[in-house]
Amino acid sequence: MFKQADIITALVTPLNCGNQIDFPILKLLTNRLIEEGGTGFLIGGTTGETPTLSEAEKLELYAKFVKIVDGRVPIIAGTGSNSTAGTIDFTKKVSEIDGINAALVVVPYYNKPNQRGMKAHFKAVADASKLPIIIYNIPGRTGVTMDVDTVIELSKYPNIIGVKQCGSMEDFEKIVENTADDFLVYTGEDPQALFAKSVGARGVISVASHLYMKDLREMYDVMDSDIYEAGKIQRYLTPKMQALFMYPSPSPVKFMLNRNGLNVGLCRLPILDLNEAEQNKLLIALGEKEPTND
Amino acid sequence: MFKQADIITALVTPLNCGNQIDFPILKLLTNRLIEEGGTGFLIGGTTGETPTLSEAEKLELYAKFVKIVDGRVPIIAGTGSNSTAGTIDFTKKVSEIDGINAALVVVPYYNKPNQRGMKAHFKAVADASKLPIIIYNIPGRTGVTMDVDTVIELSKYPNIIGVKQCGSMEDFEKIVENTADDFLVYTGEDPQALFAKSVGARGVISVASHLYMKDLREMYDVMDSDIYEAGKIQRYLTPKMQALFMYPSPSPVKFMLNRNGLNVGLCRLPILDLNEAEQNKLLIALGEKEPTND
Amino acid sequence: MFKQADIITALVTPLNCGNQIDFPILKLLTNRLIEEGGTGFLIGGTTGETPTLSEAEKLELYAKFVKIVDGRVPIIAGTGSNSTAGTIDFTKKVSEIDGINAALVVVPYYNKPNQRGMKAHFKAVADASKLPIIIYNIPGRTGVTMDVDTVIELSKYPNIIGVKQCGSMEDFEKIVENTADDFLVYTGEDPQALFAKSVGARGVISVASHLYMKDLREMYDVMDSDIYEAGKIQRYLTPKMQALFMYPSPSPVKFMLNRNGLNVGLCRLPILDLNEAEQNKLLIALGEKEPTND
Amino acid sequence: MFKQADIITALVTPLNCGNQIDFPILKLLTNRLIEEGGTGFLIGGTTGETPTLSEAEKLELYAKFVKIVDGRVPIIAGTGSNSTAGTIDFTKKVSEIDGINAALVVVPYYNKPNQRGMKAHFKAVADASKLPIIIYNIPGRTGVTMDVDTVIELSKYPNIIGVKQCGSMEDFEKIVENTADDFLVYTGEDPQALFAKSVGARGVISVASHLYMKDLREMYDVMDSDIYEAGKIQRYLTPKMQALFMYPSPSPVKFMLNRNGLNVGLCRLPILDLNEAEQNKLLIALGEKEPTND
């Protein structure tokens, strides 16, 4: 299912003016990304503002999203939290939705388990889940790092099929080198997209693809024959990818989608929409506006 | 209410063998800590494993704890999460419980708001809450730092009455220096207990006080007349305070309470109880056991 | 000799307009600091711009400084580098100067020895030196940290008599707790001055004392009877102490001494004197100027 | 001159049993590296233990090394220190040696200049030097980071022809993107070798090439046609490259060269030779020995 899935978009959750999920817009966005070369989706990830979606909202979102995608590409759905019991419970509910291909389970944030605790958490979730599990390792948000050795050990556990890894190049390579060929290794860092595929990973789970899918697609297509041309595209994209994290995500990507005419709406607190000064800095960083001397 | 509250214990949540909150044990623990010199409690903090308590459990815990304390010392109850709407909703429910003196609201973790977002979050919560709010600033868990200037700005906002600060000495002093005398400044780092009170803070919100309340009490009492004697106590306590965070909290403090005869039970996943090797290292670090040469 | 030496100033090296060491100014500065309550000096430390002083300049500086101090307070002279052979050689030359009380030997910078290498370095230097050695542990400059256990081990070695420690509160306390009473423990961080003495250290090796000696003296004198009054002084001083490191040291302290009428001259490259914008920011941070809205 | 120089070895300084530079061994090593595909040398870099070489030793080393290389590949010689005047002086002396192609000048370590100071340092050195200058930006050793913008500004300055950059992927790409095509950009991190060339850099200044030159050569040759094959080689090499920095460099690489039969001798203090336990761990990490269960 994930064989061709080298660019997976970690989708925003469009909200309408009533602060409800905007499914028509979600459909437009989804179709456009597939047309531009997208090969998979993560729904209900961090970019989707899941901390501020209710459980009911998430279940409705996932169920309707399956209909929108309609089997064209694989779907990963976020189901993790910092409670093992809570994660098991919610993953079970999501697994009832036919058409979800995997559950993304984040390393528990805030309460800071150690490696033993992480293993126990993921094994318990994998055991209880009908859906295959993808680990989400993002130390900058969770406050803890799942070690390379833990990822490798869990990669051998039944029903754990992949990892979305945010970390150093060196750790990333070790995971690719020491896991089975069919274990799905994705970078969760857009600026590592070219690097990740070069060293044998499946690809990237991307935020920037909301805006730069065509460039990403071209980069991944051209690297087979001309790595230096692909390198030029990465060099061009990297500062834009970083700019999308100048302010709390997904406020920058939502602002740009809105500006480009696809109305994905505002963010929910504690994430604020960009104010005017932030908008200006973002546009300059994205090369959409000339820097001024103010 | 908080005038005398210089040592506030961030309580563990005792669990019985049915994995339910153990109220008789909680009562024993509470009474003992007050007898030993404790002057306040934080219930439902990180040490209380709130990520793995259901909302219903927390509400029952807080309501019954008010009865246990029975007005002897002030009570702070944890009510925060990384959703502003969710925090407002839960804080309202907690404020219905008569006898809670303040709500501890953590800086949103994981979704990483910026300073503007933090301000919006805390102002929205303070506006909606009948309970006074204490900010909990703990970058190592949340992935973001509330800047000193933000703390100072929020200290002037109605209904925000204090901060539990985990950070550098320099930032801590600036907060004390630049907030009103009645703004409650507590360190959330046990090893900063003496330092914090020396530079004018109210005191410490403490984990180590579960085990070392008498020493802490003596340190705070003696510092008025003999800072060097107090310094000796701090030097003695600091390695023990650090040892209680060698493994994911509250597993070390729960292990020690159990070992000392007060059966507070196990932890909930993803926090594991200490295995034998961890127990040994902890006991050595606490000076309860001789190091061996294995 | 170091019994009373609780505030040791890490002296700047005054330079005249010919870019030579200005001994008359050095004498004025030294006398003033003793009058204001200074109880010792470090000559030829980092603050003294030793990387840009020739060996001949350093030897002349140390010899003449002994005459200036004339036995009133103890003198520590910097002799370390990142070559063990070079450190031994220079320390021997300095030990020929009668009146120097100890040599400050920095943990080797840049080439990053491990703990074993550090021990070998310090033991070799201590063995070869007639002067007693004080270790200078400053990870932010050297790129490596001498572990607490290494400091403790070296504290027992003949001829190693103290440490100037820059690091965490916790490590600092462990060093005090686990070294002999006559082992000299100084903090090299001005904002830790009060904390350090509270937990039993000898005191501080200070840059800020060039400008705030009277406050430091008062803080150390009053803490015996009123720690909270001392805490207020520390809180007042800390932001100023930090401001002196807003720009590469010693350019801020030299600028302020010049501004206050004691002409210590410019810095040598690669340390530049403050430009006008930097001067303004410094003055605002020191509370010498009102912030503007530019 | 540097057109073909994609793999430049940062050479160790072989020492004979009299602790003097061993020129016959240096010649053997040099010739072997050229035969295996090396295309340039850095002599007198950090790997060459320059902090412990006297000025006279360095000048002799550089002069004799020119004869050894005899124009086959370009030579970069280390000339920097943390004194601007000292750097100018030594760079002038080195420029008298006919056959050195560029001087590597490190960002001043330990005294921590800011960006303004770094610019002043490099401009002063470039102005005074007949040799073209390559900047060496290595924050982990120097304690300061030369910002990307500073590198870009200096890249336009006459006589500054390149940078050896140690830092993030993102910064590295920005330097390549924003400097002229003939500005030499090298990574100083072996694990970034493939990445660096992919995004358009000249190549790598390498320590691991002492031992893995053939692999590096093959990786760089094959990447033009098969990036995934090159990626496999990088993945294989990365843990070995990291292992060579498990202990203070160059002790691991010297140990391995000695073990492989090329007697490059011991290190000078404060860098110690590997003890037996370290040797074992290194050999295991390099895949030269099976891990044991001790």
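When the chains are written out, they are named A, B, C and D in that same order, and each has its own residue count from 1.
Following the convention adopted for this analysis, contacts are C-beta pairs under 8 Å (C-beta built on N, C-alpha and C of every residue); 3 or more make two chains touch, one makes a residue touch a chain.
All figures in this text were calculated on a predicted structure; none of them were measured in a lab.
Undergrad: If you walk from chain to touching chain, how few steps can bring you from subunit B to subunit D?
TA: Step count on the best path from subunit B to subunit D: 2.
Undergrad: With chain centres defined as mean CA positions, report which chain is farthest from subunit C.
TA: Of all chains, A has its centre farthest from that of subunit C.
Undergrad: Please compute the C-alpha centroid of subunit A, do the same for subunit D, then give the distance between them in whole Å.
TA: 37
Undergrad: Compute the distance, rounded to whole Å, between the mean C-alpha positions of subunit A and subunit B.
TA: Each chain reduced to its C-alpha mean, subunit A and subunit B end up 34 Å apart.
Undergrad: Quick one: subunit A and subunit C, Cα centre-to-centre, how many Å?
TA: About 50 Å separates the centre of subunit A from that of subunit C.
Undergrad: Taking each residue of subunit A in turn, which ones touch at least two of the other chains?
TA: none
Undergrad: Which of line, ring, star, complete and other names the graph you get from chains that touch?
TA: ring
Undergrad: Mind giving me all the chain pairs that touch?
TA: Result of the pairwise touch check is A-B, A-D, B-C, C-D.
Undergrad: Touching residues of subunit A toward subunit D in the complex: what are they?
TA: 169-170, 173-174, 176-177, 191-192, 194-195, 198-200, 223-224, 227-228, 230-232, 234-236, 238-239, 242
Undergrad: Over in the complex, which subunit D residues touch subunit C? Could you list them?
TA: By the definition above, subunit D touches subunit C via 46, 49, 51-52, 81-86, 108-114, 116-118, 120-121, 124, 140-143, 247-249, 268-272, 275.
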